[in-house]
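Labels A, B, C and D are assigned to the chains in the order they are written; within every chain, residues are numbered from 1.
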Amino acid sequence: MGKLNVTVWNEFLHEKKDSIKRIYPNGIHGAIAEMLGKFGEYNIRTATLEEPECGLSDEVLDTTDVLIWWGHIAHDKVPDEIADKVCQRALDGMGLIVLHSGHLSKPFKKLMGTVCRSKWRENDEKERIWVIEPAHPIARNLPEYIELPQEETYGERFEIPTPDELVFISWFSGGEVFRSGCCYKRGLGKVFYFRPGHEAYPTFYREDITRVLKNAVDWAKPSCGPKPTLGHYEALENVGDKYAGKSDDERTHKNLYK
Amino acid sequence: MGKLNVTVWNEFLHEKKDSIKRIYPNGIHGAIAEMLGKFGEYNIRTATLEEPECGLSDEVLDTTDVLIWWGHIAHDKVPDEIADKVCQRALDGMGLIVLHSGHLSKPFKKLMGTVCRSKWRENDEKERIWVIEPAHPIARNLPEYIELPQEETYGERFEIPTPDELVFISWFSGGEVFRSGCCYKRGLGKVFYFRPGHEAYPTFYREDITRVLKNAVDWAKPSCGPKPTLGHYEALENVGDKYAGKSDDERTHKNLYK
Amino acid sequence: MGKLNVTVWNEFLHEKKDSIKRIYPNGIHGAIAEMLGKFGEYNIRTATLEEPECGLSDEVLDTTDVLIWWGHIAHDKVPDEIADKVCQRALDGMGLIVLHSGHLSKPFKKLMGTVCRSKWRENDEKERIWVIEPAHPIARNLPEYIELPQEETYGERFEIPTPDELVFISWFSGGEVFRSGCCYKRGLGKVFYFRPGHEAYPTFYREDITRVLKNAVDWAKPSCGPKPTLGHYEALENVGDKYAGKSDDERTHKNLYK
Amino acid sequence: MGKLNVTVWNEFLHEKKDSIKRIYPNGIHGAIAEMLGKFGEYNIRTATLEEPECGLSDEVLDTTDVLIWWGHIAHDKVPDEIADKVCQRALDGMGLIVLHSGHLSKPFKKLMGTVCRSKWRENDEKERIWVIEPAHPIARNLPEYIELPQEETYGERFEIPTPDELVFISWFSGGEVFRSGCCYKRGLGKVFYFRPGHEAYPTFYREDITRVLKNAVDWAKPSCGPKPTLGHYEALENVGDKYAGKSDDERTHKNLYK
């Protein structure tokens, strides 16, 4: 396997305001691409909402091993057809990493089957992300916890299906907890939700956060497991016709359990 | 808590053909209602596709604790609005038990977030449903396995999210296995998928199968857990304003990680 | 099923000191028994370390549906034979509810297979126990969170196997989080770990905490699932002797994959 | 990271009998080492029961990334101290892959916390190992199922804790099913149980089975997650002394919930 192809998708609307542009002059996608690029292990592209087809043409999606998704205020601007294609690609094996407010994006909600809301506030509170599953590959080379001096606060109840694997739990100074690193398998693909990354904080310039993203990319990459046969399927064993020679009446299913 | 209100929904189309009507003269819903009724523990109603609003008016749904769902050839005849209401009620706490080919129904697929296909064939094969989690309440008072002399065959890969709890695995004489009893939590509600119940076999007249349905109803009933507060939420702790008295520049988030 | 038989086991050593006796004059077991007793739904007994056989004779264990366990400073005073009997009973179907520092008791560690340590400090900090799985029966009739003004602090990493179901996550004012309500199936039985309950705080007199214990008892009660047949087992299908009439050489397994 | 160090441990008793020696002339460990060696990706050693310290000296264990374990008739010949060291190394991050009858070995049973029995018979039956979780890395490059023309039969109920991830389910011609590929996290380490591999069949010479072992080694390798701090731990937040200046009586915990 050569280098993984990683596509970083960003709504890229907040960054048009000066206060946010000052933090992410090249957009959140630019920051993530720059930081992940330092590992030298991935072919990294970016895509944004206002590009044609949201930057997610068939050609792009078909050559994406792992898609990273950040969105917030324009989830409904992503056309259903694009969201559906993202879901389909994920079910077909593409890794999907959903960041922060992307929990309310169309692809994530559709793949989860739930509403995915939570508590939240913007209050410059401290977040401490605890590793609770150090044996998980996404915990690789991390410290016991990552402390973010200021982030947006999210709080449980987070309306998600029980994660297949829960890697992180966040503590917030305002009194809440949050399941911050949630792993799912869906179809042939894997989905990872990671909580931090509000646009008003330079979270994506951090090396520890970037390390999580790198680990998540490595974990979410296509597994190349068997593509299952589906639909009508011939018996693998010779089960014969146990009812050969019997009258219709004898074969009547109704009589089975008399 | 008084008696649980159970609504049995059935597509009720197959049973118009003589060969199936002979097996289920009162419809699959009628058979399930009759068998479950013997316990004397539930208020049981039925509802079918061709009734107004598919028999699932707000009044019915609002007073349903557990909904049992059988559908096969007319999944797309269930209007999206009805399917959405069923999903919403499930997320709000109503138990949902999906039977057999209901795995491709709109409510189940939407709550799962996956395509939910499988292998299948109609071949009068033997199915043996093994209890693999005897500590689960749905295994209550069951034998080690339930043997169905003839059923439709389903085979893995079953395109579902990993069940929160897997209670049964089926063996088929033709060579396949299937995850036959799958538990999920979704929102405030619980979903149970149970594999057997092809229209051409009198499976729902069996006492052991009925026992599974009874256990599933008891397990899926509303948990009456806390309805979470969602959206903007005030801090529970007094986190103060750590940045009071600082200049805008000092507060610039951009400087946070310098 | 008549009333469930609940046995509350307590080490009962701390309560000999005045400072603790003032809080739990009848012992922690006495407080739990008194509070649970108010529901009028259980036959409740208590047992303590210094009783003969730790109060856990075969007769007691054989008639216990759910055992609640509190221990702290004398885990190693429980003889291995008693701990093994408790484990065996749990594997045979008895519910086991392990409280607070009982995470380092012999039965819990043995059933988990891990070391079960955590961070801790006694610092009169606030604990807020968040319900993250409101669809779980242990969340029944609870508020969104339970706030304990002062408790001992526990912190992740908690060295447990991933819980089958995680119902609660605690927030502590000192900066930690903890998986506070952990469900496991083991053999035919169910195990629930619940974090709070340091001897220096009157936690077990609280109605909300008692509600959790009541829900846990109801959840952990024996499932009465099938007791599996184990060991050598005759084939259920007639697989014949496919090798009849073949020479030993033809039957040599070595040739199977040539 | 350089090449992974893989140690293949085998009881190596059956292979002294001619009928088995004919199949595994270099022992089961020899066959596994030879087949895994073809990938050229691992440093592979073997160790057996009758070597000093069972071949598992501190030096060997300390330099083992992944330990593969095959045992059957002499589980109790492995001294407790060796079994305990294996468990400790697994909890400290070493991957552990347990094969076939190794489910009753001391290390596996201790790490599971359960009795781990199953049904079984030696009957030359067909086994078909179905991949049910194609998104899992252990399913990489596998077909939909692996068919073994003859193997020992194992049947549910398999007395294990619910696997964190279930990758394979086996079908047997005699009528049973079995959870054949079970993933667990324990401490900092990962454990994989894989069902096939009876000594009387040349299963470990198969390329598909070897592929599973390779995938399992890659999955089970040390995650290099954070080694948690345990025990007494200072508060990370300044929680102050909320009770400063209050009398002992005011601070009495007993008064907390009055």
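Operating definition for what follows: a contact is a pair of C-beta atoms (placed from the backbone, for glycine too) under 8 Å apart; a residue touches a chain by one contact, two chains touch by 3 or more.
Computed from a predicted structure; not experimentally measured.
Novice: Quick check: more C-beta contact pairs at A-B or at A-C?
Specialist: Comparing A-B with A-C, the pair joined by more C-beta contacts is A-B.
Novice: If I average the CA coordinates per chain, which chain comes out farthest from chain C?
Specialist: A
Novice: Just the number, please: Cα centre separation of chain B and chain C in whole Å.
Specialist: 29
Novice: Just the number, please: Cα centre separation of chain A and chain B in whole Å.
Specialist: 25
Novice: So, what's the distance in Å between the C-alpha centres of chain C and chain A?
Specialist: It comes to 34 Å between the two C-alpha centres.
Novice: Identify all positions of chain C at which a residue touches two or more other chains, and write them in rising order.
Specialist: 128, 131, 133-134, 144, 155-157, 162, 164-165, 173, 175-176, 185-187, 226, 228-229, 236-237
Novice: Give every residue of chain B touching chain A within the complex, in rising order.
Specialist: On the chain B side, the touching residues are 22-23, 91, 110-115, 117-121, 123-125, 149-150, 153, 155-157, 159, 161-162, 164, 173-176, 184-187, 200-202, 205-206, 226, 228-237, 239, 241-243, 252-254, 256-257.
Novice: Considering the complex alone, what residue numbers of chain B touch chain C?
Specialist: 93, 128, 131, 133-137, 139-144, 164-165, 173, 185-190, 223-229, 236-237
Novice: Residue numbers of chain D touching chain B in their complex, please.
Specialist: Counting only chain D, the residues touching chain B are 128, 130-134, 144, 155-158, 162, 165-166, 169-172, 175-177, 179.
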